[in-house]
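When the chains are written out, they are named A, B, C, D and E in that same order, and each has its own residue count from 1.
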Amino acid sequence: MHLALFLIFAAVALAGAANLLLQKHPINAALSLIVVMSSLAVLYLLLGAEFLAIAQIIVYAGAIMVLFTFVIMLLNEGVEEKTHGSRVAKLLGFPAVTVFLALIASIILSSETHLGKVIIGESITTTQDLSAVLFRDLLLPFEITSVLILIAILGAVALARKDEQ
Amino acid sequence: MDTQIISLILLAPLVGAILVALVPDRGKLPAWVALATTVVTFLFTLHLPAHFHYGQAGFQFESDCLWLPSPAIHYHVGVDGLSLWLIVLAGLLGPIGVLASWNSIRDRRKTFYSLFLIQQTAMIGVFVALDLMLYYGFWELSLIPMAILIAMYGRTQSDPGGPKAALRFFLFTFIPSAPLLVALLWLYAKTHTFDFTTLQQAIASGTIPAGPLCWLSLAFLFAFAVKVPVFPLHGWLTDVFAEAPVAMAMVVAGKLGLYSLIRFHVGLFPVQARAAAPWLLVLAVIGILYGALLALVQKDFWRLLAYGTLSSLSFCVLGIYGFTLSGLDGSVYQTLNEGIIGAALFVLFGLIYERFGTSQISVYGGLASKTPALAATFTIASLALIGLPMLNGFVGEFLVLSSTFAGASRTLAVIATAGVILSAAYMLQLIQRVFLGPISDIASNLEDHDRDFDLDFRERLVLWPLAVLMLVMGLAPALWLRAIEPAVQPASLPAQVHAARPTPPVSAQLVVSGGQQ
Amino acid sequence: MIPSSWYLILSAVLFTMGVAGFLIKRSLITVFMSIELMLNAVNLSFVTFAHDWHAVKGQIFVFFVMMVAAAEAAVGLAIIIAIFRTRQTLNVDQIDLMKF
Amino acid sequence: MSIWLFLLLSLVKAVLVTIVFLMGVAYTVLLERKLVGRIQNRWGPNRVGPFGLLQPLVDGAKSFLKEDMIPSGVYKPLYLLAPLISLGCALLSIAVVPFGGPMTWHGMRIFAISDINFGLLFLLGVTSVGVYGIALAGWSSNNKYSLLGSMRSSAQMVSYELALGLSLVGVVLRTGSLRLSDIVSMQTVHGIASWNIFGGGQFFAFFIYLIAAFAETNRSPFDLVEAESELTGGYNTEYSSMKFAMFFMAEYGNMITVGCVATMLFLGGWSSPLGDLIPPPQNIIIQALVPLFWFVAKVFCFLFLYIWVRGTLPRFRYDQLMSFGWKYLLPLAMLNIVGTSLWLAIRP
Amino acid sequence: MNPVPDLYRILPEVVLTITGVLVMLLDAAMPKTSRRRVLGWVAAFGTVAALYASLLQLNLPAGTAYYGTVQTDGFSIFFHVLICAIVLVALLVSLDTFPRNNQHTGEFYALITFGAVGMVLMTSAVELLLVFIALEISSITTYILAGYRKTSGKGVEAAIKYFLLGSFATGFLLYGIALIFGATGTTQITEIALRIPGAQSQALVLGGLALMLVGILFKVSAAPFHVWTPDVYEGSPTPVVALMSTAPKAAAFALLIRVLWGAFPTLHSVWVPILWVVAVLSMTVGNIAALRQENVKRMLAYSSIAHAGYLLAAFAGAGTASITAIAFYTAAYAAMNVGIFAAITLASGYDDSLPLIQDFRGLLHRAPVLAGLLLFFLISLVGIPFTGGFFAKFLSFSTAVNGGAFWLAIIGLLNSGLAAGYYLRFAVTIAQPPVANPPELPTYRVGIAVAVGIVLAAGATLILGIAPGHILDAATSAAHSFPAAISSTLP
């Protein structure tokens, strides 16, 4: 069952990512990204991270991607154009990317013996577990994040707002 | 007083520079301040020969205090016979430079004089620094005012003239100092000191393997040779001579590079310097001939002067790398001569240029009848350059040539002598074409003006002391040589032999021989 | 029961696809989405490692990455809107006022 | 218990709940028409069946049977997908709602499809995804009114989602759990006195939730998304027949869900207002049905409120809506969190 | 157990945050029509207070706070003071040159102040999570500030390029952190160092190190991760460039030291060669590209890439000497770069009215004091003795030579010879006599703020060159915050 779930959702995630690369229209790309994110949420569940799974949906799918679609709709961005630059990027980029993937994969595979196994339901992290660490050991990062959010708000206002003459 | 005098000499122009920057830019006020500063500085420098213990090797007026503990950099300055007269010369050129720029610098006087004064500090600093890092600091610092002033006051009006010359000058002299710095850093890594004497001993005691030493000496040599310049590294010289303000051009050539060669290349790496000597001798001789020949065919007197300078500086190099006592004496003496004669010629060319607005030799002619004093002074300086006996140029050239003949190589000495003859040719030809010969349009035009085109008071004040100095130095070289000789003596000995092998002092012989001719 | 490395490989592949997207996509928005894909892939790695080590910190890291991603999205999209206002295009190849 | 039995039972529960839920939706529509009619001093539907009770069925049949038109300018994949997302999200959220007492059979709760640890978060998650339905519908319709409507909706829903989520934090703080059944059991003991809205001190939170929920479901007075007078129906202008009906069902489904959430979080869920004062009945059937009754009754009250508001209040202006959400509601929600946590901290 | 209240350990950050919030509140409270210049003063005073708070931390014993997420030691204080000083100068310069009619003045100053929070926190964080957040605060602030000329095509273009490439690099950094976490099970820097020798999978450690390096090297704009730099510098408002070419970079270098010496001292032999290559690449690429630039800010951008290379050369050194050199170089680089951009701001204005090198022709004749300052900073950038630039380069290369990277020093010095070419071209253009119809200079009233700012920068550059003793001592004590560095210095 675990295997089946993993395979299904990994496949969905990969398909979504591939679709993101192949789709010409940004809104389709955005939707495929949502698919990737949602299937990742399921994978998180399999890994025992229930809070994250839901946070993934709420934050990524529910907030960030909504913002993306909103902007796509606002700007009415059309189909991507094929340009010279993209061909160059493909020619140069693919070998580099392949090499990169090969490197990372070999790192992971070489350390496979040291890594554990995932057993479903074996170690479930509850929200309490999370908050025990978050609000004690990692209190400072948590508080500092508020500055980050504040900056983002300020920046969004300063950049996106139309100035009156 | 004796320990602080050098610091005073260094500080005086710097303070002057700040003063110049602060005074209001009204009329000639900055010039006056600068003049006062340079005169004061010159007076300070005179303290040195007055209280110098002649005949004594080693550094005097030393002052040494820690600047930074790690890396250990000291403010360590001192004077020996080698640098003594160079410092005085630098002090002397200060007021002369200011006076020479009196009328020719018309705008941005403040900038000009501050930079000029900073340049003076840097130059004197090079001569007195005994900590290699401090030395390097002054060495680099001396580039900046020069480059900026060349760019600001480029003489030719062709558009990129000044800036181009400034860039050339800077890059030619800055890039070689990169290996020099690496060499210094490497030395420091090995010995943990930048102190000149400590390093000298460390190298002499053989703590550093020969392979790296060879590279180090090459790095030093390269940096200094460009600055002298030694033949094929002279690319910047002509441009700078053609573009730089007179006051700056007369301080730039020769002195710094030659001093550094003797002090740091020969002084720190005697063995390696001897190994490189044959090459340098050949280059020097090529430089003498090449410079003289090119000077002969120049149409522009700045360029003529540049090639002439190349030729006569090569004499100094020839003397240094013969490694005879008299040759080294001669080189140092010739360096001083070059400073004085060069300054005089620069001022002269400068004021001719200022009066007539061109440096094309062909448009001049027959000036002597209109400007007799100018012509006379010019002739004296030219003869000094050529090496006429009784003038200072003779002493230096004679010492160098005779020592080369006796010590290094007869062939080279003979070829170099040909260079002397050529120098006579180009200088005399110049005098003939500018001051004598048919009266040119320029000379004939002079009568239309009421102005007196001969030397005015200020110019006489500059030139005549120089002329007198040429004469005195030609007649009584021992006055100078007695300080120089003990300082260069160690360099003349083979590096392995440290036991002093007494040689009869050259100065004693020379008084006789000089007097006879 | 499956090995953790499967999850990690999936994460690596997704990350690489994100990198590829960053390189080949031609619209600013989709380029930005590729970056989001990369971040998601990293998150998967974090969660897997957190599971491996039974360390909650890994999960919290993901939580923070999400917050940062949200902040970045706000700012990034604001910039994109600003660029659209001045240039009327989002094509990467036409955003080329400055070159070398 | 074998996994197959688990799957089978879950499926049965899901099907049953879905059917009941959809029926509920249909009758909520009727309820609204009736009530609004009464408020406006008219009768509302009363022709089909007794008191018009069969009206929803006929409406449904009509929607099924009408010609399914797809305008030529639309972006088809998303145009078709959008109503599915809307309805799907609406149906999904009911999955975690415990609508009856904590009775179990073979270790499984009977009156909840699934009672998960993070039920409340799940609800929020589903709600947040629900935006896509409307947003994509408007955009893919290729119609300016639709687009405007959907832009409004995404901005509005994202904005109010914040206040909505924050208003629930107080309750979570008090309970210390995100599991919906835990939240409800927390409020069962002393009846109305232990309900979060009163005993829990979440009175303000309830009102913030109420307002945010109205906006979240695009209901009057925040129904700018479909504001007929401005946008001729907004995002669903280009939709007809079954697809239109799906949006319609989604909207009313969301209303019910919101009512369920309010009930669970603030109004004591399935517990009776009198709490444990009345001893539980002996009969197992009655014991099961009484909580169900309370739950449905409370949801009904909430729906009534919904409709009442719609019948009485005028629509907001768009800028008023936004500034109200950001400038008043959000700070209030935050204040509520601060207050609640202070109270919890000081309380012995 | 811990005698120092935790709050003291983050006092500068707290002060800056409060200042930022205060600026925002004042901005909201002020009437719409009133001038908002006073907000800049508030921010500046806040920064001074933060600087003072950092100095107060000198009295604390070195140690961590907030459960080992943040550490105050000589190192963090050095960079705190440095960054606060940079931010102060940048603020002072902006005060007089920021356009009066800009509608986002309050946000501008608040953003700078908040950005400073992230930057200072980057230098004291010892928990990768906090590092990440701080890094993002600093980056996002700079993305926004880069796009502040939002009506100019170049301005927003700079912002989007910076943003996309920066986020891309963040992805790599994160992946690196993830792998390190996977290898060691922790994200606390000192813990990582303890656990790495016993880590079961060294491959993961190495992969993580490499990916993290990519991320951080991007932030310091070292080649080959430098492509964003010239465009961003060209497009951003000049006072902002003064800030972002120095402060975030200083913080990023501090982070690099913190990560490499704090978490990976045992892998010294691995990262030194990598940084060797990157250093050589950076200087060479930077200098060669700078030689052919016509735009002043682009030229300085490439020059800053080259400087990153010189700085990275110091990593080849051994132990504390290396860290000392890096810290000192960072300070000197910051002083001269913030100074030169301040001077350029004054000469060419917030909106770049003199974008090209040629436009500066004759400045020495037209505005001698300003041009003199410009020349001074250029001289320092060249690395002429008696300026901070020289001394920094000297330290960097001497530590490299000491560490055995002899060729690196030679390449570096040859490069600085090459670099002299373009600096001098600019300097010479400034010194050249002016053309007949020179372009209009923007008319900024040189107020007290900008004067103080530029004099601070020039004074720092000079002092770093003439009497670097105290700062060198501070840098040395900063270096002694790393036990691993100390033990590797000892024979």
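Going forward, a residue touches a chain if its C-beta (ideal position, glycine included) is under 8 Å from a C-beta of that chain, and two chains touch if they have at least 3 such contacts.
Predicted, not measured: the structure shown is a model, and the values here were computed from it.
*Asks:* Could you work out how many touching-chain steps separate subunit A from subunit B at minimum?
*Replies:* 2
*Asks:* For subunit A and subunit C, which third chains touch each of them?
*Replies:* Neighbours common to subunit A and subunit C are E.
*Asks:* Without subunit E in the mix, what are the joined groups of chains?
*Replies:* Once subunit E is set aside, the chains that still touch form these groups: A, C, D | B.
*Asks:* Just to be sure I understand: the centre of a chain is the mean of its C-alpha atoms, right? Then which chain's centre is nearest the mean of all of them?
*Replies:* E
*Asks:* When all chain pairs are ranked by how many C-beta pairs they have in contact, which pair ranks first?
*Replies:* Chains joined by the most C-beta contact pairs: A-C.
*Asks:* Relative to subunit C, which chain has the most distant C-alpha mean position?
*Replies:* B
*Asks:* Can you name the chain that lies farthest from subunit A, using the mean of each chain's Cα atoms as its centre?
*Replies:* B
*Asks:* Distance-wise, how many Å sit between the C-alpha centres of subunit C and subunit E, to the nearest whole number?
*Replies:* The answer is 26 Å.
*Asks:* Roughly how far is subunit A from subunit E, centre to centre by C-alpha average, rounded to an integer in Å?
*Replies:* Going by mean C-alpha positions, subunit A sits 30 Å from subunit E.
*Asks:* Roughly how many whole angstrom separate the Cα centroids of subunit B and subunit D?
*Replies:* Comparing mean C-alpha positions, subunit D is 94 Å from subunit B.
*Asks:* Which subunit C residues touch at least two other chains?
*Replies:* Within subunit C, the residues that touch at least two other chains are 8, 15, 18-19, 32, 48, 50, 52, 57, 60, 64, 68, 71-72, 75, 79-80, 82, 85.
*Asks:* Which pairs of chains touch each other in this structure?
*Replies:* A-C, A-D, A-E, B-E, C-E
*Asks:* Which of the residues in subunit C end up touching subunit E in this complex?
*Replies:* 8, 15, 18-19, 22, 28, 31-32, 35, 38-39, 41-42, 45-46, 48-50, 52-53, 55, 57-58, 60-61, 64-65, 68, 71-72, 75-76, 79-80, 82-83, 85-87, 95-98, 100
*Asks:* Across the complex, what residues on subunit A touch subunit E?
*Replies:* Residues 103-104, 106-108, 110-111, 114-115, 136-141, 144-145, 147-148, 150-152, 154-155, 157-159, 161, 163-164 of subunit A touch subunit E in their complex.
*Asks:* In their shared complex, at which residues does subunit D touch subunit A?
*Replies:* For this pair, the touching residues of subunit D are 3, 77-78, 116-118, 121-122, 124-129, 131-132, 135-136, 138-139, 147, 150-151, 154-155, 158, 161, 176, 178.
*Asks:* For subunit E, which residues are in contact with subunit A within the complex?
*Replies:* Going through subunit E, the ones touching subunit A are 10, 13, 17, 20, 24, 65-70, 103-104, 107-108, 110-111, 114-115, 117-118, 121, 127, 129-130, 133-134, 136-137, 140-141, 143-144, 147-148, 150-151, 159, 179, 182-183, 200-201, 203-204, 206-207.
*Asks:* Within their complex, state which residues of subunit B touch subunit E.
*Replies:* Residue positions touching the partner: 67-71, 107-108, 110-111, 133, 136-141, 143-144, 147-149, 151-152, 154, 162-163, 166-167, 170-171, 174-175, 177-179, 181-182, 185-186, 188-189.
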